[in-house]
Amino acid sequence: MDYKVADLSLAEYGRKELSLAEHEMPGLMAMRERYGKDQPLKGARIAGSLHMTIQTGVLIETLTALGADVRWATCNIFSTQDHAAAAVVVGEGTPEDPKGTPVFAWKGETLAEYWDEAEKVFQFTDAEGNQVGPNMLLDDGGDITMLLHKGVEFEKAGEVPGQDSTDNEEFKEVLRVLDRSLKNDPTYWTNVAGGIKGVTEETTTGVLRLYDRYKEGSLLFPAINVNDSVTKSKFDNKYGCRHSLIDGINRATDVMIGGKVAVVCGYGDVGKGSAESLRGQGARVIVTEIDPICALQAAMDGYEVRRLESVVETADIFITTTGNFDIIRVEHFEKMKNQAIVGNIGHFDNEINMAGLAKIPGIVKDEIKPQVHQWIFPDGKKVIVLSEGRLLNLGNATGHPSFVMSNSFTNQTLAQIELFTKLEEYPIGVYVLPKALDEEVARLHLDALGVELTELKQEQADYLGVPVEGPYKSDQYRY
Amino acid sequence: MDYKVADLSLAEYGRKELSLAEHEMPGLMAMRERYGKDQPLKGARIAGSLHMTIQTGVLIETLTALGADVRWATCNIFSTQDHAAAAVVVGEGTPEDPKGTPVFAWKGETLAEYWDEAEKVFQFTDAEGNQVGPNMLLDDGGDITMLLHKGVEFEKAGEVPGQDSTDNEEFKEVLRVLDRSLKNDPTYWTNVAGGIKGVTEETTTGVLRLYDRYKEGSLLFPAINVNDSVTKSKFDNKYGCRHSLIDGINRATDVMIGGKVAVVCGYGDVGKGSAESLRGQGARVIVTEIDPICALQAAMDGYEVRRLESVVETADIFITTTGNFDIIRVEHFEKMKNQAIVGNIGHFDNEINMAGLAKIPGIVKDEIKPQVHQWIFPDGKKVIVLSEGRLLNLGNATGHPSFVMSNSFTNQTLAQIELFTKLEEYPIGVYVLPKALDEEVARLHLDALGVELTELKQEQADYLGVPVEGPYKSDQYRY
Amino acid sequence: MDYKVADLSLAEYGRKELSLAEHEMPGLMAMRERYGKDQPLKGARIAGSLHMTIQTGVLIETLTALGADVRWATCNIFSTQDHAAAAVVVGEGTPEDPKGTPVFAWKGETLAEYWDEAEKVFQFTDAEGNQVGPNMLLDDGGDITMLLHKGVEFEKAGEVPGQDSTDNEEFKEVLRVLDRSLKNDPTYWTNVAGGIKGVTEETTTGVLRLYDRYKEGSLLFPAINVNDSVTKSKFDNKYGCRHSLIDGINRATDVMIGGKVAVVCGYGDVGKGSAESLRGQGARVIVTEIDPICALQAAMDGYEVRRLESVVETADIFITTTGNFDIIRVEHFEKMKNQAIVGNIGHFDNEINMAGLAKIPGIVKDEIKPQVHQWIFPDGKKVIVLSEGRLLNLGNATGHPSFVMSNSFTNQTLAQIELFTKLEEYPIGVYVLPKALDEEVARLHLDALGVELTELKQEQADYLGVPVEGPYKSDQYRY
Amino acid sequence: MDYKVADLSLAEYGRKELSLAEHEMPGLMAMRERYGKDQPLKGARIAGSLHMTIQTGVLIETLTALGADVRWATCNIFSTQDHAAAAVVVGEGTPEDPKGTPVFAWKGETLAEYWDEAEKVFQFTDAEGNQVGPNMLLDDGGDITMLLHKGVEFEKAGEVPGQDSTDNEEFKEVLRVLDRSLKNDPTYWTNVAGGIKGVTEETTTGVLRLYDRYKEGSLLFPAINVNDSVTKSKFDNKYGCRHSLIDGINRATDVMIGGKVAVVCGYGDVGKGSAESLRGQGARVIVTEIDPICALQAAMDGYEVRRLESVVETADIFITTTGNFDIIRVEHFEKMKNQAIVGNIGHFDNEINMAGLAKIPGIVKDEIKPQVHQWIFPDGKKVIVLSEGRLLNLGNATGHPSFVMSNSFTNQTLAQIELFTKLEEYPIGVYVLPKALDEEVARLHLDALGVELTELKQEQADYLGVPVEGPYKSDQYRY
């Protein structure tokens, strides 16, 4: 076996958890049942990069159940659940004779390891045993999409910039990997890109990168924006974070949230779910916002809306949800109370200026337990930072729960089928799934919650001017 | 004075309420301050049809403060606040010498009166004292837009269909008015339509009618859909109903909502606000839905989602919010508990089959007080119906509160200015306001709530790819 | 007819409302059904003083249905619902030939009228037509109990102090009435007191006075403290105020509560219900407290806990719930924002220093509508005061809803029966109802809410050491 | 060292957690500061039995900081946090040279080990190195109190019943330990009991046993019921469970709670906190109750109240909070849905009939991970049981958070001081702490939450008839 799994002995536990998760992912199980026979992904070679959790395991096995050949890496160095990775690798086999899907991920990779593993998801072998590239990408955050596009760009330029050309520690590793590849095969990435039908992308950040690339004309293949399906953005982002934010804080700190003052930076879907999560535990939540509409929503929802500067000295918990960078800065850390807790559930770790924190003269970083550090200031004040500023719900807990991921991942699966089987309908561009599919994803999750859906009478459908079976809303509808 | 006000002695009380409401409508007051000098609506003759409440009074006086000449009717026979109408008519004058705006509305009009009054908003007089039509429409539900379009259609046809051609009691009145007009001046409506620059429309129902007309090619002038501004649909519909639903039920019935089982039909913005309104009082809320996405939202928000048939026998309160028709039907009324309460906060009174209710053999309609009736079944069971099935928050209470209407009406004012001053940018079609204006509306309401808005740093704006001053979100963003 | 009703023509409307309220007061209706035949109050002459609302009407008619002879006054000059008073007076008769219960109350009495009417509830006539006193008191706040005790005290002293002896405007009226009585019959109150079996008292304030009187040895007869029945204090105070606080604010001001900052002074049961009431509408609630335990509860429930001084300049709504006096003072009024709203739902109007407010130099009191005044400061700032500082839920709305009052009033009815029929078990003192009766009150209200109660198995009851049928908790249990 | 710690290498991690917890336990830290100098517990030998968590660690070190000599066992075989035990043992020393407090507890003890360790907390050594008994007990659930009382009883009888005399597996172990002791020293427990000044008891169950013993005349020394301090029962039980219930479910199952139907059996303080915990995550909560008052509260709080039988087939999560036994029975297990989750947060594991479950023919118990088992029925249906039916918040998470335990444990500390120093004021009986101390406990926790407490003016205190500095409420007040 040429791929790495942290610990194959975890596989059995992982298989049990996979089995439990299947019950909580009715959308994916319905996909298997509905499409398993037709094998719509037969011939698809999917390179995936997405947090390697139990839920992702059910996604991967759904893709393979629909005929796909899959290779997988994580999109975050801390978020892998090793037992999930092990279980997926083993599949129907045994640790000694695994029959599952190659996974290149473990909890606590270095950045160098991360990008080395990312490269491996492109290295398929065809039936004849030849090395061959993927024909589909499934991405979360856009890292493998970026790797491929940068590879093509540098091959076109004939050289990879030196690592000195960037201050970004992570991008140095990208350059290292691509430089090695260029030296090995100067048309490698160009060849791979030529075989790609398209990419389906999971998150806001990745989607923004795709739209940018499309606008500047450098997008190499069509993309489906899964993030903006209603059943993703309004469910995963909001209800997923409602669940996993306090779960992460609890597991990391065991601190009582009730009675505390928590600042949620940003009141988008993630912020809305986060604020509700903390309020549901009895915290008093203060929101920061830059968008007047979202700020007004927060106020109408009963939250105090302040600038971070105004409340940094008195709050107990700080959570970033913005998708922007440099939200919590050194000037803020310096004013926080002793044992203030700081975490990020937005996207990148740069929402919190971790680099700046580390540079405060005399500061000491002390590990309480993995992913939980107290930063001890020279005057003895401690600030507790979760998951080193990376996604705390993944680093300190187990990420979003299966049920909400079932929504996102059913969208992913439908998007993969859509691009793989109807490519002609998708010239290069960035698309969202048709509303009928979005509604279908929701529909597949209702039974599990005991929901009775009312059916329109024909006259009522006519009155609204919609089909009885939907879709029911315009594309502009905001839910 | 040739226009009717129910009771001029109400004017003084109305002026006081107007003054209080101005404080709660910071958006409109900011419009007056910002644009009062430039008089951007100078020359506008606005025919308005919208619930004649105190808040509408502040809107009307904002339009006139910006230079417009205005005539006003209501869009609902029960919703007029007579003191508001009186105050607007009197304006800066006295009941004996009113200097305000003509208003053709009083609480409890008949359908015949309603359509007679609707016709009057078109009858402006120019500086020379000549009869002249409006050049702008401001509509809520589309009644005056419909009257005008039907007028043009029948004039083209050369005749108005007989009243026997319809079963709809209300449309009979429309036909009566248009027939009288055709006999009087066979090109009246055609001439009026020719002078109209455009219409701004307040609600879902009116907007749907506009889109339909646009699709079938019969729309006569451009329209701005104010309903779908975020600061309208997500505020007026949701937070407005959160306020006014229980207010209406309380004033109508004085019944304890806590502990009761309330069914909310529909989980759109109005349904979301209604469910929150009832839950905030301790009711157990059950939602009915036809759209799987909204149904899933309701479930994730902790509501039971059932078909009406499944719960009609045990629930205490039934509220329709759908914008569809025939939601609560005779078959439901027959199964309800004694003293069940039924009301509508959606749009038209046909959400509840009032006609069918009245036809149940042996049923007696007994007025408890105005807008509150108990329908007594032959077996003695009573069902309490609010506002005869029309909008209960307007019929039984005072409608949405000023603050939320300030959002909607600032959108209306901006839309009137937009169409009146930049007509060339708006060929016939249905438009929403640019997002920058939407955000501006929100911004004008933050100070009143003590909200501190965070400002993006230039680097952060660049990171997101948005201007520092906004707009911040794509048009697809769902809030 | 020698007693006053504001407007007999209101009786018909009142009878309809009574009929509707009966459905919402299952506890009282169960009392009628269960005890109507046995007439346990046969021979009781009950002098009652309690807000004369529709709900009280159902109470009065329950007492008479159980055999009592009743005379009634209100305990608050603003809280009477005239149609309720009229309906009770008329009873089964007609306005011309009333057959109901004498009621001495109308909305908007003067203080002088109030105490004149209070005296009349003592003036029963027996079967032979002789003047005779009551043998039971039913009190809310202790006014008629105080009148009687003071009467006895002054008769013992042989004289009533002059009105100059007090600054309290209200107590001057008490002295006037008692002086008149003393001159008329110097042993009147002593005779009346001799015939009283006991009093049942509804509220905290009245109960405190009873305990004080008991401690100082001046209590003349036994008293049952209905206020501290769980089904009273935890229901009426909390859930009743949750309902009626926002109802009062809405009817008085039509102001949007969502998004506003509301200060609730006090976090006892009334404060808890009030805070929940406002939060349920999307207000941001700040609590003030003097008791560290209640303050900690408020914090754990997610509320900000501050001193009034710290937030008076920024809050929008101020509600007193303390049962103490001088909570909102001139120094606070002077710092409030323009159009701040101030109201009391605690008990007496002295929670707000109305007298001090009126004495601010240059201030103008302007009535917007009955029970809603704007106090205009010399600089033009307005503060809106509800119900002149008296109970806003009664003055601006219709008080607690029937269902919650059914709990309180079923306790009242049981307490009247208890004292009237088992006097020997109650030597002079202040008592609460036995827990079994408290549980019974709750039990009588469950069916109406569709509650299924679980029944203990005998082994489970034995395990807990309680009877299968209850009572289930110790007297110390806090619920 | 003659006492067992699972793993001394955990001590360092434990010391860090202790240090963090101290910040979250302001009440205990204030006790150290206030009383550290006076050493009020000097001479106290405290035998403690209470879940050996980090928070208990801070309690133990507070007791020793006040002068006490302490020995500690757990009161639950699964709830020990081994790093907490290790840290307390090590104290200021090192793993090699521990200077802390003897602890006899580790996670996952057998029942035999549990009772062997319980016996050891009685085995103090005095300054001269002689074996000596404790003079104070600190108990949670009453196990060591029971061991001591049973020991005395059997010594009086001269023999210990055979293990065959009971079906209860746990009581067999008690009999074994006492039999061994009797054979070793027939007056051992009698001697120990003679030296005990009193016991302070933490929970409902233990308190009930004490009252029973007191009523039957067998209580050997005075007891302070800490459970019924307001700052315990209304904080630990309610807010602690609000925190730790979902924490336990999340860590055990990673299942999304939002959208699910959860049944909470019992609506006492634990049930109230549990229901709020689940609702805060978006679950739809159904309550079962036997007490009509609590049932009515649940209904007024917006919960559906049903019998378990009525909903067992459709709910997803079942939580017992009753303090009673045999709540979830075989007949219920058999009707549950596949992957239903069952857990207990009440007190003993007999709330769920685990023994009955294990006896279902053909059922298989499969461990997913420690404290999480799926019970696989013959037809393949799985039911997931948390912590084998014992307290899931302790077994699956880390118990109540420090802040809430600081309230309970400050009560414990005050109660120990009270009994140890003022024994003469406490003849044999069961007492609650004076209200002034209860308020003091609350007061010590306000600063940490940023609460500003309002101070009564002297006139206001006089008006209420309370001292300015409290206590403010009667003993009957329910909060």
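For reference, chains read A, B, C and D in written order, and residue numbers begin at 1 within each chain.
Here, contacts are C-beta pairs under 8 Å (C-beta built on N, C-alpha and C of every residue); 3 or more make two chains touch, one makes a residue touch a chain.
Fair warning: this is a prediction, and the values are worked out from it, not measured in the lab.
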Between B-C and A-B, the pair with more C-beta contacts: A-B
Reference interface A-C: repeating pair among C-D, B-D or A-D with over half of contacts shared: B-D
Distance-maximising chain from chain C - centres being C-alpha averages: A
Intercentroid distance (Cα basis), chain C paired with chain B, Å: 40
Sequence positions of chain A contacting 2 or more other chains: 239, 258-259, 279, 282, 296, 299-300, 449
Residue ranges of chain B touching chain D (in the complex, touch as defined): 258-259, 279, 282-284, 296, 299-304
For the chain C and chain B complex, residues of the former touching the latter: 13, 16-17, 20-21, 23-24, 54, 239, 242-243, 246-247, 250-251, 253-261, 277, 279-282, 314, 338-339, 366, 368-369, 374, 384, 397-398, 401-404, 449-450
Footprint of chain D on chain C - complex, ascending: 208, 212, 228, 230-231, 233-235, 239, 269, 288-300, 305-308, 310, 323-326, 407, 432, 438-440, 442-443, 445-446, 449, 451-457, 459-460, 463-465, 470, 472-473, 475-476, 478-479
